[in-house]
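In what follows, structures are represented as structure tokens.
Two complexes, one shared chain (subunit A), two partners (subunit B, subunit C).
Our next item is the complex of A and B:
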């Protein structure tokens, strides 16, 4: 049996990745992050000088490193889904690679946060740093939940490393991991790259 | 199987929500909440002007925390049905739910304290009123634990036809994640994460409204098809 169709006829009517219910979480999250992004943009336009001054303290290098880590991690999980579809024993190795890169993201984030806190820029020291710590913090909560899910996925493989669980579970988890990635790319662009007005 | 009693239990949820809203909006006028930057005199004046509203609103909040139990019980019964013999996450949900209602009760008590003595010092009035505001918003933290636990129970259901729909499990995870920003209101007096801000107040408040509405419809549908008596493995 082809695990991609897994005993139902959805493949004939167009396939929804993961399962339909998952998209309540995906679209709900995107909606709320949309509101958060607009709130930030309004603040950026309202007080460009003060925001820009704090914004210059961010390390674009660390932000870029984290972007590459998450994008690569997403790439590995996409290949894990392909490996599972073929019944290949490489599934677990690919999931573990995604997990390692996601963990490295958390490590970089801790170093980055530690640096800012060490320089006296904390959660409520300026309006920009409130946005920075809170938004990256809410995103980090997503990353941690995602890492929990990836760990659980790795345990669903047999001793050869092939995926044994329901295909939709792996695919749905990959969709969530891509969401985490997408939100980070948006945050990277907004917080690290986008400059407004005089401070640009 | 006791469908009438179960349905009645579900309606304790919206009743709790209604009492909560009446207390906050027309009685205490704290929906939306007053700004955390208000001075001692301004907060004391607000309590003074709405003294009876604060006292009656306090009673309604404490009543809301006291009548919600049948609603919680119905949720827990369905979760236990899903989880089976070792209901770990069902128990977590039930315990945190209990803790959360305790904070609602204390919230009503704090607002009562703020308005009880007309001759209290202005600082004292603001202190108790501030405690009420904190108790209104900060318990979103245990809420996160509760919603994630509920989501975990629903998504582990392996029945061909799940007892509760899977989208509702994902909805709980969504609500759990978005309640978390309520945790930080002690740090801020202005901006999106202050207790009247978009991220710490409006998003959790709207998301909670979505949750309680979706929960009613989901539970009523599950009761209608007698899911508690479902014998699928």
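Our next item is the complex of A and C:
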């Protein structure tokens, strides 16, 4: 068992989860989204009334539901990594639970987008909805890639459900799935909750 | 249920609770609510990174880069909101 696989704090100290090269992608993504977040904030304070009017059309309840779905999905994939480190046959079930919750996120997003489009709020209808569809669309692409990865991970388990692939692959995939969660947490705060000025 | 990590579960509960609380904070409509929403969002991102992505155990360079991302983004968002936005 290598130092990364026994799951205790001391053994993990100084350990890079996944392949080191993956972190270039992770930080590149964080950097790009950071610029997107600040760009949105500049537009929000530049035209708070118009932005706020469109923003009020969002269902914060659906945003919160999706936040809880992804946070819980993250909890499951983190436990799948722990299970794999222990050689537990529970790994596949935990991966499948993460996959199911991620799929539910997509379902909620489809309902949400469908509602807005049905009410005539599309990519081109206002500045706010351009940001909303662009940002949640780029994020949704990450979710779909993540769901593909989770599906592939589940197939790498043996018939008992234990993880059989390289640990770095599982860890790296989990890190990507957590990134999807992290970015959503920020999108939820900025798009759904943050108000400015008179529109507050 | 020995397979459940107490630490991950506590942080998951914190994240869910904070999500619900930040949901309510936006109803205040005050100037401070913006800062509350931004800081809570970054706090949640920090927990996801540190605990779920295991950055807290990673080498210093990863911890420093992640910390820098949070601080710079937080400063930029609060700056835009309260200096540019007046």
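One rule holds in what follows: the second predicted complex is superposed on the first by the 189 of 200 C-alpha atoms of A that agree within 3 Å, B and C clash if a C-alpha of one lies under 4 Å from a C-alpha of the other, contacts with A are read in each partner's own complex, and residues count from 1 in each chain.
One rule holds in what follows: contacts are C-beta pairs under 8 Å (C-beta built on N, C-alpha and C of every residue); 3 or more make two chains touch, one makes a residue touch a chain.
From a predicted model like this one, the values you see are computed outputs, not experimental measurements.
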### Query
Is the arrangement of subunit B and subunit C around the shared subunit A a clash or a fit after superposition?
fit
### Task
Give one of first, second, both or neither to describe whether A:185 is in contact with subunit B, with subunit C, with both, or with none.
second
### Task
Please determine whether it is subunit B or subunit C that touches the greater number of subunit A residues.
C
### Query
Touch check for A:78: first (subunit B), second (subunit C), both, or neither?
second
### Message
Looking at A:28 after the superposition, I want to know if it touches subunit B, subunit C, both of them or none. Which is it: first, second, both, neither?
### Response
first
### Message
Just checking: does A:145 make contact with subunit B only, subunit C only, both, or neither of them? Give me first, second, both or neither.
### Response
first
### Query
Taking the superposed arrangement, what is the smallest distance in Å from a C-alpha atom of subunit B to one of subunit C?
15
### Task
Please identify the positions on subunit A that touch both subunit B and subunit C, taking each partner from its own complex.
none
### Message
Which stretch or stretches of subunit A touch subunit B in the complex?
### Response
19-22, 24-25, 28-29, 32, 35-36, 39, 43, 123-124, 127, 130-131, 134, 138, 141-142, 145
### Task
Note which residues of subunit C are touching subunit A in the complex, please.
3-5, 8-9, 12, 15-16, 19-20, 22-23, 25-26, 29-31, 33-34, 37-38, 40-42, 44-45, 48-49, 51-54, 57-59, 62, 65-66, 69, 72-73, 76-77, 80-81, 84-86
### Query
Mind pulling up the subunit B residues that touch subunit A in the complex?
165-171, 173-174, 177-178, 180-181, 184, 187-188, 191-193, 198-199, 203, 207
### Query
Considering the complex alone, what residue numbers of subunit A touch subunit C?
9, 12-17, 23, 27, 30-31, 34, 37-38, 41-42, 44-45, 48, 60, 64, 67-68, 71-72, 74-75, 78-79, 82-83, 86, 88, 90, 171, 174-175, 178-179, 181-182, 185-186, 188-190, 192-197, 200
